[in-house]
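What follows is a pair of complexes built around subunit A, which joins subunit B in one and subunit C in the other.
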Partner chain A sequence: MDLFLQQFLSGVAIGGVYALVALAVVMIYQASDHFNFAQGEMAMFSTYVAWWLIAAGWPYWAAFFATLAISFVGGVALERIVIRPVEQAPVLNQVVVFIGLLVIFNALAGWLFDYTIKPFPSPFPEQPLFGNRYIGSHELGVIALTLVLLVLVFAFLRLTPTGLAMRAAAENPTSARLVGIRVGWMLALGWGLAAAIGAVAGMMIAPIVFLEPNMMIGTLLYGFAGALLGGLDSPAGAVLGGILVGIAENLLGTYVVGPELKLTLALVLIVLVLLLRPNGLFGRRIVRHV
Partner chain B sequence: MAGLLEVAGLEAFYGQTQALFGIDLELEVGSVTTILGANGAGKTTTLRAISGLVRTRGRIRFDGRRTERLSPETIARLGIAHVPDGRGTFLRLSVAENLRLGAYQRRDPAGIRADLERLESYFPVLAERRRQQAGTLSGGEQQMLAIARALMLRPRLLLLDEPSFGLAPLVIREIFRILGQINREDRVSMLLVEQNAELALALADRAYLLETGRIVRAEPAAELGADAAIRRAYLGY
Partner chain C sequence: MPTGRALALAAVLIGAGALPMLLGDYRTFQLTLALVYAIAILGLNILTGYNGQVSLGHGAFYALGAYTAAIMITQGGVAYYWTLPVAGAVGFGAGFLFGFPALRLQGLYLALATFALAVATPQILKSSHLAAWTGGVQGIVILKPDPPAGLPLSADQWLYYVTLAVLAVLLIGAWNLLRGRSGRALEAIRDNPIAAAAMGIDLALYKTLTFGISAAYTSIAGALGAIVIQFVAPDSFTVFLSITLLVGLVVGGLASIPGAIFGGLFVELVPNLAEQISKAAPWAIYGAFLIAFMYVMPYGVWGLMRSLFQRLRRKSPATSRLRQVPAPAKNGRSKPWEPSDH
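And now, the complex of A and B:
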């Protein structure tokens, strides 16, 4: 029972990281129908930025927020400079651009910071909180941070005029332009937010898997699986999907397939969702009257 | 009366295909102008060109300012609202959110609230369905929402692309009655593209007849409506 509870809770925690990756993927997907394959490598690169700042003597939280800001600006710049020219291009061209970005960020990180595995600090205490036996402080912190971030993203999308404009631009770009929304900048804003959310995911997973240029590959797969499971156009669904994937990964990995085959589960899940429920659990089918 | 919109030698292109071949058009402040013509004559393209949605050559002057090089979002900010072909409703957003988006570029909360109230008095059904997802509205309700959304921009010029399309006759009459009222009371100028020539001519002061991308007639609406040939070709009697 103890083992089950431990695995379950650590599944929720790691699921929180997948949820953040899924949320980042969905931010871009719902704004532009693009599946950003480079999301994981962008997050990895952001984590290196944080590592570099910390190594330069910055306090953890200062480095954390500076990394968020740098990632946001970087995401906006990436959309404006790299993605915008291929916006009207066929989908295959765009996929190639995303894969190109993936490779570039991966190589750039290896070149700038070399390929040796680096420890990355957790901002949370080493001792478990409240003397509990089931969940470590870092895991608890990840869950809390995920929830805070979620509330912020939702408040932004639901309650602010800019959030509303972003949703409008995602749904009907032409109509959005006709009411005066600068749709191009809304896309860039989506990329900036996705990059910042991804940066949080990277900084939270790095203390668990250690920092190296390939650290996000597994996480990105689980994040994709979570986003698909929840529904690609539903931020809330993506988060829930990510957490479910984390729980399933841990429990099945412990009791059924063993740790070696864990990553296969993500791929099996992706195939199953695409076969059985392509809209995901919460993806909306639009009700339409003509 | 002063010219609000002047279009001269307007050509429009979709890729290599030319859709408009030198359109001249003038619209006075406070007037309703209609563009009639068969399917594919270029009516929708003319509106899209004025809104900056298609590639054009020629001159467009709105309120004394050249607009043909401006982006659609900038043109909207100048005070041209467009009820597009197919209504352009944000189906996944609520009715209230659709209306709020109409006023996206305005910075006068009190004025926005007042306009919202006034429009909900014109279209009471929108007030009833404020929280509903816009995709669940009927066709007529969606058309009302599209018009209300455009008016939330507090435009000086309203472009209307076939507001009667696909609606029941009673609903169409109601919508045209409200359009007339808005034109008289709020002095919103309108450029109306319509298949339903009879209704359009009844509402309009001036009418243009478009054939394969060219203006072939430009007259006061009453005169065009009285022309026997026009009646046979476009009014069906």
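And now, the complex of A and C:
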């Protein structure tokens, strides 16, 4: 029972990171119907930026927020410069550009910061809170941070005029443009937010898996699985989906398939969700007329 | 076939046959690998370039072929050349089966599912359940096959000719598949599936068969690659292998058969040059090429060459009188990857 509870809780915690990646994926999918295959590598690169700032002597939280700002600006710039020219292109061209970004970030990280594995600090205390023996402080912190971010994203999208404009631009670009919303910049904003959320995910998972250029590829897969499970157009669904995937990964990895086939689980989950329930648990059904 | 083209083809064949005589063993080995990649890219092109099913996971089929060959040679004592048809058959089966879920996944979703396949592949190969066959993390070492007795060739040169022959056979196969009715059906499915179905094309059959054939090509390439490198291990078959094939496809040219050869040469030779700058440089260059090609040359090197040829031909006075009527694009084929309006 102890083992079960431990695995369950650490599944929730790691699921929090997947939830963040899923949230970032959903931010971009909702705005422009793209899967950002480079999301994981962008997050990894942001984490390297944070690592570099910390190594330069910045206090953790200063580095944390500076990284968020840098990632946000970087995400906006990427959308404006790299993604915009293929906005209307066929799916394959878009996928190729995303894969190109993935490869470039991976190579850049290796080039600038080399391939050695680096430890990354956690902002949370080392001792488990309240002397409990089931869940570490970092894990608890991840869960709390995920929930805070979810509330922030939700509030931004629902309560602010900019959030409303963003949703309008995603829902119906033509009409949105007619009422004066700058649709292109709304997409860029979505990219900026996704990059910042991804950066949080990277900085939260780096203390667990250590920092190296390939650290996010598996995580990205779980993030995709979470986003699909929750429904690609629902931020709350994505967070829940991510957490469910984390729990499933840990429990099935412990009791059923063993730790070495965990990524296969993500593969099976992605294919199953796509086949059986393509709208996810909370997504809206999209009907296309010919 | 016009004489000009026949001559060019003969020149290419003679050149390809003579190369190993002029180069050292290591360069020959590299060229062999380039041809192996060309086969794999040709397979990917049949699926992605001609049929429009985006696969980011062809490295998995490459790995399947490589492991099929390695296991047959080391555990079954089978001669290396028998592993190629078996790898092709196994790849066809696996691709055909993967083609069924792929039927329901379109565009981005198929890209996502195949991406997941590519990411999961090394873990599946490392799995302890399969370790008795795959050798787990250690992988399998294969001995380099000797050239047949009596031929004055080194082992590397012999493998080059074997690979060249296999590539030639598969190129002819692909050409036959793609030029006639079936090729038009594949492209019709890519450009407008609904219209294709209305024309009486069996979408499900064509798409699953295409997936199977494409995977068979890539598996054969994997088997050859294993024999040439003499080693298979899970970490050679990461998602980056699938991305390498995609790079070759994009650089060589979508929906073009000769493009696969350019693609193969590119992904084998460019990293070797770039690695002198930095370990990360090949990938940075790959990424830059992927994006740059999508912006400026979406039909790849071969597409560029084809349009140059056509321009030259139009300029030469001997033919210009015969070609007064502006023919539609060659073979009446619409340009690949033009955005369609559905």
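Note that in this section the second predicted complex is superposed on the first by the 285 of 290 C-alpha atoms of A that agree within 3 Å, B and C clash if a C-alpha of one lies under 4 Å from a C-alpha of the other, contacts with A are read in each partner's own complex, and residues count from 1 in each chain.
Please note the rule applied: contacts are C-beta pairs under 8 Å (C-beta built on N, C-alpha and C of every residue); 3 or more make two chains touch, one makes a residue touch a chain.
Note that the structure is a prediction, hence the values are computed from the model and not measured.
Enquirer: Looking at the overlay, does A:171 come into contact with subunit B only (first), subunit C only (second), both, or neither?
Expert: first
Enquirer: Does subunit B (first) or subunit C (second) touch A:118, or do both, or does neither?
Expert: neither
Enquirer: Hey, is it subunit B or subunit C that touches more of subunit A?
Expert: Of subunit B and subunit C, the partner in contact with more residues of subunit A is C.
Enquirer: Where does A:182 make contact in the superposed view: on subunit B (first), on subunit C (second), on both, or on neither?
Expert: A:182: touches subunit B, not subunit C.
Enquirer: Using the superposition on chain A as set up above, list the residues of subunit A that contact both subunit B and subunit C.
Expert: Residues 290 of subunit A touch both subunit B and subunit C.
Enquirer: Within the complex, which stretch of subunit A touches subunit C?
Expert: 33-35, 37, 82, 85-86, 88-97, 99-104, 106-108, 110-111, 115, 217-218, 221, 224-225, 228, 258, 260-264, 266-267, 270-271, 274-275, 278, 290
Enquirer: Can you list the subunit C residues touching subunit A in their complex?
Expert: Spelled out, the residues of subunit C in touch with subunit A are 48, 52, 54, 56, 101, 104-105, 107-109, 111-113, 115-117, 119-120, 123-124, 126-128, 194, 239-240, 243, 246, 250, 254, 278-284, 286-291, 293-295, 298, 337-339, 342.
Enquirer: Would you tell me which residues of subunit B are touching subunit A in their complex?
Expert: For this pair, the touching residues of subunit B are 51, 53, 71-73, 76-77, 81-82, 84, 88-93, 97, 100-102, 104-105, 133, 135-139, 142, 149, 153, 166.
Enquirer: Note which residues of subunit A are touching subunit B in the complex, please.
Expert: It is residues 161, 164-165, 167-168, 171-172, 174-183, 284, 286-290 of subunit A that touch subunit B.
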